[in-house]
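Next up, some structures in structure tokens.
After this come two complexes, each holding chain A, first together with chain B and then together with chain C.
Presenting the complex of A and B:
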């Protein structure tokens, strides 16, 4: 890219891709914004008059909104804590030399390849079902009553299912990070009299901070929009006990046929996601600096 | 105190015997250098003493107490690693404090020792920096600082200077030697560089394939190498080893003569040859002499002022009493 000529040639060459990307992102975003200011309900054909911020007001004033917001944060937070804590422990375990290491690693990664709807249905029907599920069979053997997980603890159950899906991702990233830890550092700490626990706390964990940051940031992006698991297990219920923002937007626009209200919800979700992102980058972004 | 005794210490990795049974005594306050070509087991031996590897047989005693089964931290030894192994996320101060923190030492005592070590090692201005912001030499000093504050029975150095550039290496060599003079603590130092061994050691242990070839002071090794291997390993440039009729005439299989023990003349001498490459160092000049009929090439160390050109004819004469004789097994003939 040295000469004027090659630079302008490069710009011409990448312009189709840039234009395509812009169109791809800007047109849907623009249309969402456009619809969010209209009264646009598929059950009321006819004109779509401008209603200003009415859709936003209605969305926020809906009591389900605050429940959904809190559920979203609980779901994201719960899955992050579970995957990071268990991921670190599993990564350390998998880093130990053992027989059948390759197969064990593949098995650990496997849940990540199961698509969300399938894994949620497997958990719902084969494990958590209060009549046919494995847990319903197991709990009485331990002297406990069968538990209807998805009715009595819907959000916790979904958090568990989503954590199960994302644990392999966290484990994989953290495992590669652990493998890059200089073994001489560990030996030095051993010579310095650090116990296994102190070595973990003072050497391994700080070494993993960057990988943990990456896991948290990437997972947050995907966890804010968890949808399929909720749709196939609880449908956001009972009531709206397991409704998150994504599911609320879906309910508004596709169950109530309210395009305007759904669009407003979508825009609010974008704004909230950005607020979360700002907080996250403030809190842990410095770990990404070399 | 730091008297370390190795009694028939053995190390095997699977079927491969890396260190056959080995006996060695390191006296208190001694500066001992393990030297040998790469893969000779010198680092393994150090790690056995440190406790980072388990011995396969034999016994290690530190100050008379059996240490073979002790974990590394309990042996009272401190180690400086080749990669320095500093903790990258801690400041220099915290790095140095780490072993004391692990030992649960009171804060004031920690501070006192850190300040002391920083003063000794010229680190006072860098205490609040991270290792990543330091130069190679400074990192090396931090690693030594971390070892000093523990006041160990002995220091173990694992090729500590091999990551430094040549000029720094000379400086650090001096600093470590001075440190040894001041602390008078036992030091075991592993290197493949015979110059480091010669300049720093009280006692050199030459290793080959896990076996001790010779133990002695630098000058003992230089003057009376026990075999051909030690003769060729100690001294720079390396000793000229000559086989054939010239050696047989002296009742030996091989004779050896160091480059600095050959007199050069352009008119007459014992052996005649042709000058090849000349390496001028200023104070000295190394001549590579060919076509002597003795060996492929004979290296000669001459005064820097000697003027000889490529292709010139030279005559070489070994100095009296400086010839080394070796038998078929490569052992020295007294």
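Presenting the complex of A and C:
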């Protein structure tokens, strides 16, 4: 039973966290919004005239925006599909009885702990480099022509690198979920003569739906903001071929010093992230309350 | 009850899982091996797996040329600093929400989660300008502030899910036996809360160590942690694979080891308690 006294004590204990987060959200957000209506470039000192929706118009009319938008969706979608599909298969495999299960699990989750700049540079140089990379040696052995991954297929290569980083996360969560599956139900289905495929389809997959939703939600939050991997591999290029929205706003803001335009882009990025978030929260809300 | 499997089946599982596990781990293993090669051996075809002359030269070169340990220390200060400050703010909040839940508790928690949906790039300009204004660009203090605020929702959520599992009945029992509030906190609650706090600390250090948006955008040379230091290898001169590998190995080794200890907490922390 909470007394009046303990309630007010609780309020005091919660308020620092709430106030700090509120400030962290509102002050920068307000500033972004404010700047987005001004003509404001750090290289041009002087007044920052009010220009209405001009920055938004310019940002959206720029073909780079649409390229970046599509790239963002392709990157997020590609990584989600790869990590969820492979994650489910890998989780099922790791759940089987085997020797050295603990060690295999350690090997599988390791990429998650590698910092983004390291994994991107290792893949870029040690593996994908068209002259010295391991793939440059391996492909001819397999009868294939040498291939410059980050130049000829930059977005697909980055999608691959990011998938490698996030596969462990999906696998670990799905494995945790699989391990809570009722084995008696499985055995009953097996005795009734259900095939492995139909057991997977009618028992395992429905059981995993909640965990899959969680994986999709959390990965989407992080994947919309992929940045370091692009910065150190392709710098968004060639052209805009591997520029996502985060990178485009960064380039506009800190490379072109265009505060107004960058802010408009930032607001657009926030709106898009929120649209995705609403969809996901709704999908997850159903799943999480159960 | 574990299901009975034939030895053949078990052997097939084992082989398949080990092959896939080693494939996934291979880039890390290859980086570690390359860090012990000479630059010439690092790019030799056919690739040399173990049959090369092992050398520690790259590790000393990386330190001498670019004062590696300063960046390492920056990473330590930033990740530990932001985590500890985050815990100091979050422990009371999570505590109150877990033990004295009010009508608004659920909403406050959901709102905190929603702040994580805000893409960092949306507030890049204001943070950059504020930092410039207050002289916080390229300082460890600045990064500690940003990372603390960024990870605060995760810390609160994680602690909350741990604290909620502490049985409240035990407090009532202690009260019946005449324990004072002070004794309750010192002898009963604290020991039960410590494992949860430790797990939260561990996971948050890992997340902050690897954070690579703010660290790349807000630091230059002085306060750059390892994420930003490694990024400087993206425009190299001459042969650099072995040195890149040595720098990378040192950057990921501590967190890889911490990470392996934190598998369980990782699931719980990053799913906001939705999957345990």
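The rule is short, and it goes like this: the second predicted complex is superposed on the first by the 281 of 290 C-alpha atoms of A that agree within 3 Å, B and C clash if a C-alpha of one lies under 4 Å from a C-alpha of the other, contacts with A are read in each partner's own complex, and residues count from 1 in each chain.
Going forward, contacts are C-beta pairs under 8 Å (C-beta built on N, C-alpha and C of every residue); 3 or more make two chains touch, one makes a residue touch a chain.
As the structure is a prediction and not an experimental result, all values here were calculated from the model.
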item	value
Joint occupancy of chain A by chain B and chain C, clash or fit	fit
Chain A-centred angle between chain C and chain B, computed on Cα centres after superposition, in steps of 10 °	80
Per-residue contact with chain A, leading partner among chain C and chain B	C
First, second, both or neither for A:187, with chain B first and chain C second	both
Which superposed partner A:97 touches (first chain B, second chain C, both, neither)	second
First, second, both or neither for A:206, with chain B first and chain C second	first
Which of chain B and chain C A:123 touches, first, second, both or neither	second
Touching partner for A:249 - first (chain B), second (chain C), both, neither	second
Partner chain in contact with A:177 - chain B first, chain C second, else both or neither	second
First (chain B), second (chain C), both or neither touched by A:198	first
Shortest span in Å between Cα atoms of chain B and of chain C, once chain A is used as the common reference	6
Common interface residues of chain A - those touching chain B in one complex and chain C in the other	187
Chain A-facing residues of chain C, complex	1-3, 5, 9-10, 13-14, 16-18, 20-22, 24-25, 27-28, 30-31, 34, 43, 45-47, 89-90, 92-93, 95-97, 99-102, 108, 112, 114-130, 149, 152-153, 156, 206, 209-210, 212-213, 216-217, 226-228, 230-231, 233-234, 240-241, 244-245, 248, 251-252, 255-256, 258-260, 263, 266-267, 270-271, 274-276
Complex interface listing, chain A residues touching chain C	2, 6-7, 9-11, 13-14, 16-18, 20-21, 24-25, 27-29, 31-32, 35, 90, 93-94, 96-101, 103-119, 121-127, 132, 134, 137, 164, 167-169, 172-173, 176-177, 183, 186-187, 210-211, 214, 218, 221, 224-225, 227-228, 231-233, 245-246, 249-250, 253-254, 259, 262-263, 265-267, 269-270, 273-274, 277, 288
Contact footprint of chain B on chain A as seen in their complex	182, 184-185, 187-195, 198, 202-203, 206-207, 209
Of all residues in chain B, those that touch chain A in their complex	50-52, 71-73, 77-79, 81-83, 85-90, 98-99, 102-103, 146, 150
